[in-house]
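As structure tokens, here come the structures.
Both complexes below contain chain A, partnered by chain B and then by chain C.
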Partner chain A sequence: MAFSANLEMTGSEARITLEGELDAAVADQFRQTVERAAQEKPQKLVLFMDKLQFMASAGLRVLVFAKQRMGRDVAIYVIGATGPVLNTMQMSGFHQAVYLQESYP
Partner chain B sequence: MDTRIDFYPTHQHQGYKLRPGRPVPFGATLVPGGVNFAICSRYATSCTLVLFEKGASTPLVEIPIPEVFRIGNTWCMVVFDLDYERIEYGYRMEGPWDPKAGHRFDASKILLDPYAKAIGGRDVWGEPPDWNDPYPHRARLIFEDFDWEDDRPLETPLADLVIYELHARSFTRHPSAGVKHPGTYAGLMAKIPYLKELGVNCVELMPIFEFDEFENSRPNPVTGETMYNYWGYSTVGFFAPKAGYAATGPLGMQVDEFKNLVKELHRNGIEIILDVVFNHTAEGNEHGPTLSFRGIDNQTYYMLTPEGYYFNFSGCGNTLNCNNPVVRMMVLDCLRYWAAEYHIDGFRFDLAAILGRDPWGAPMPNPPLLESLAFDPILAKCKLIAEAWDAGGLYQVGSFPAYGRWAEWNGKYRDDIRRFLKGDEGMIPALAQRLQGSPDLYGWNRRGPTASINFITCHDGFTLYDLFAYNYKHNEVNGEQNRDGGDDNHSWNCGAEGETDNSEVHALRQRMIKNALAILLMSHGVPMILMGDEAGRTQRGNNNTYCHDNDLNWFDWSLLERNTGLFHFARQMIAFRKTHPLLRAREHLGISAVQADFIWHGVHAWNADWSPGSRTVAFMLRERQAGQGGNTNPVLYMALNAYWDALPFQLPELPINYRWHLFANTALSSPHDIYEPGHEIPLEPYQDSFLVGGRAVVVLVGRP
Partner chain C sequence: MIQHSLPASLAALSDIRRLVTQACQTAGLSEDATYRLALAVDEIATNIITHGYEEQGMTGDIVVSLDQTDKDLTVILEDTGVAFDPRAQSLPTAEDLDKPLDDREIGGLGIFLALAGVDRFDYQRSDNVNRNLFVMNLA
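Take a look at the complex of A and B:
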């Protein structure tokens, strides 16, 4: 399934909805979306992952990049990650750096 | 930044943009816009960088490194615009083929970078590889962007450590482990609560540098199962964590997973020591495969005979030439990398005596490698532990060149404690030395008790259960007619060889295991426990299970239910050690000006029997001021009886107002054999002797 990353600004929140398979080939697309979000200087970055089916290490690298690019004061929320995507984050320890939630108001 | 002139290409090859690289650091390093590749070879005449798409069998491109990019013996080149995530790289080296002179260059081989930081090709443990792959172990690029937060090595004083030796796969591979990712770093992480419950504060991992489990793999002539290079004492790449141990290996994320494990261990107060194998490599002798070193610079990396054959001090076909300055630098770079980039707390060096041999094999009095490691500013707080012998007959327990830094696996501790426990005569003087942290070995040069890593069992040899269940090794399933493995086990089967229904034999074995654990945790020095010994793990009498990926090695967690009493005993003994600083002496009592004493007793107080026929001894540990001037610190007493009958031990007098309390008595069965530290059972006020059961030990605490 084709990958997409859509950015939407809601007040001081940057919301990115991820769909499809996030592998090395499309990681840069995600990275650019994070970059655009960072330029808006949000207080929160919310990543909707319930429609994300797979995340390769390249995708995780972008999450690490997002964490560093946004800075310590910006909370990152990961919403609806399941299956292999959640596994990848847990085994690599990234889940500790973000707020993992099943849903988001 | 990108206006700098050194970020622009100067050359190109088939559309790939290049410029001269930087000679250091060696390996592949991400630089703005590209990757810096650097590799050295003294005798190569040319070097070609070979790039692959991940997993492809034919190269994407081969880029000869222009001669003008060579600095000294180092080829270095920046390649721009590479897709870091999807590239694998190797080298071809041209040079002389002249085995007699030590040269084995072969440009038909694609060679692994010795500094590769991640290696593909064995991404899933045990998955049969493509045997025709021209490049079986593939260097990959890694990002060093792991978020460590505030983590750093714990720097726990050596004297306070309780080490737990484990195999990363065996620990959780058994179905009874009940973890989501069995046999992996992630599985180990899931068992951290267990390690905390047991009370150990350091894990020592058997080799986790990338190795090939298929090296010398073969069908078992006895069982038909595949036999592997299971333990992994044969390194393919020194800078890369074993991918097959990572649940994320198929995603190429072993680096992240392993770092996450380290971070979680640290968060729980547990250090991590790596068992490192610098004595040989996976390339074997002249009949082995050419994977890396042999094709890059055979004469530099290996110790060679005058005829150009491989010296075999490791017993594994070749010997790494560790005191060649280039190899020495690689070893130092490697350990610095693991300390700095992975926050590793210490290293245990397999067959470390080899590291003190010169390039011709002779032991050196002042080996530069060992000295460099001892004084290195980056390794300054890392534990350095030597297995102070090698397969070439060099045995340096007590004399390993230490520079005030190195500790040793104390093989004499293992042998003497085993012999005492099984009831050998004449062991009391040696036992006394071992209990005190082996001042006979480490006192003369003031290395102190922490130079001694005390162990009764380790991965080599019997488990603690088997030590008291087998008189002889039973290695038939190793396929060598029971010829492999040591014969000097100092074991005793307690009356029946192997499994038995005899309840008396079973009870005696449990007691013997507890005796061993009690001695280990009451001894000065640094205790090391072998994975599963706290639960009675068996290898069914096999004392050399290096090749088995099955329940001979896997920790069967259901043993914890069957041997609850053992686990409870081990846990309380560890807690007791942590409670009492007297047991964790930094210096040898009686040698340094320490305000505490080791006082020897026997069945008669103040009168130990050191004679050859004696099988009993007792000791008391006390601060000199205990019981005086408001000092109410406890006094510890241990009676050891390896005689087969019970004997009354006269108890030494305590300071006024102190009273003896029973902490442990291995003659009793669980749960009456041990108490929680602080909740020991008081003896009668005027009780002046204690009946110590046959083949049992007793630990008392004297306190107000």
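Take a look at the complex of A and C:
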């Protein structure tokens, strides 16, 4: 399934909805979306991942980029990650670095 | 053994995952094991394409071989890029994986996920060919 990353600004929140398969071929698309979000100086980054079917380490590296680009005070929320995508985040310790929630708000 | 030759470009990653996933489904692997194998192959293929070929200014192919026996499913990736043994790379430690994202080094995660996700991984280099082998046991 083709990858898409859609940004929506809601007040001081940047909301990005991820769909499809996030591999190294499309990770830059996600990175550019995060960059556009960062320019809005949000207080919170909310990533909706319930329709994300696959995430390689290239996707995890964009999460690291997001944190380092937006700063320590911007919390990252990951919403709806399930199954293997969630496992990948847990194996790499990312579940401790973001707020994982089943739904939002 | 079934073989497919694909151009070594990142655009081929989804095709490689599809081939692996189809072989897993034919072999009756669980969804979890299927995903872990597809992720492992994807991560090593990404390394081959970016570090083995593109960063060297080289082009070439990746040959994907799929072999099922009554005991296991084996995927082999072969390429003619620079020699690269994933097992020889430094992997993130437990301490690294506990670090907040602000302090994370970007790198090493892909190989970590690949090696951790399969039942057996092997690498050989002979006649200027890299050979990465992934094995998943069948229940």
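Heads up, the rule we're going with is that the second predicted complex is superposed on the first by the 105 of 105 C-alpha atoms of A that agree within 3 Å, B and C clash if a C-alpha of one lies under 4 Å from a C-alpha of the other, contacts with A are read in each partner's own complex, and residues count from 1 in each chain.
Convention: a residue touches a chain if its C-beta (ideal position, glycine included) is under 8 Å from a C-beta of that chain, and two chains touch if they have at least 3 such contacts.
Since this is a predicted model, take the numbers as computed values, not measurements.
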Using the superposition on chain A described above, determine whether A:77 touches chain B (first), chain C (second), both, or neither.
neither
Which of the two partners, first being chain B and second being chain C, lies in contact with A:91: first, second, both, or neither?
both
Could you say whether A:21 touches chain B, chain C, both of them, or neither, answering first, second, both or neither?
second
Just chain B (first), just chain C (second), both, or neither: which does A:104 touch?
neither
Chain B versus chain C, judged by how many residues of chain A each one touches
C
So which bits of chain A does chain B touch that chain C touches too?
24, 56-58, 60-61, 64-65, 67-68, 87-88, 91-94, 97
Given the complex with chain B, which residues does chain A contribute to the contact?
24, 27, 56-58, 60-61, 64-65, 67-68, 87-88, 90-94, 97
If you look only at chain A, which of its residues touch chain C in the complex?
21, 23-25, 54, 56-58, 60-61, 63-68, 72, 76, 83-84, 87-88, 91-94, 96-98
The chain B residues in contact with chain A across the complex are 83, 85-86, 143, 145-147, 149, 181, 185-186, 246-248, 251-253, 256-257, 259-260, 263-264
Residues of chain C touching chain A in the complex
10-11, 13-14, 17, 31-32, 35-36, 38-39, 42-43, 46, 49-50, 92, 96-102, 104, 106-107, 109-110, 112-113, 116
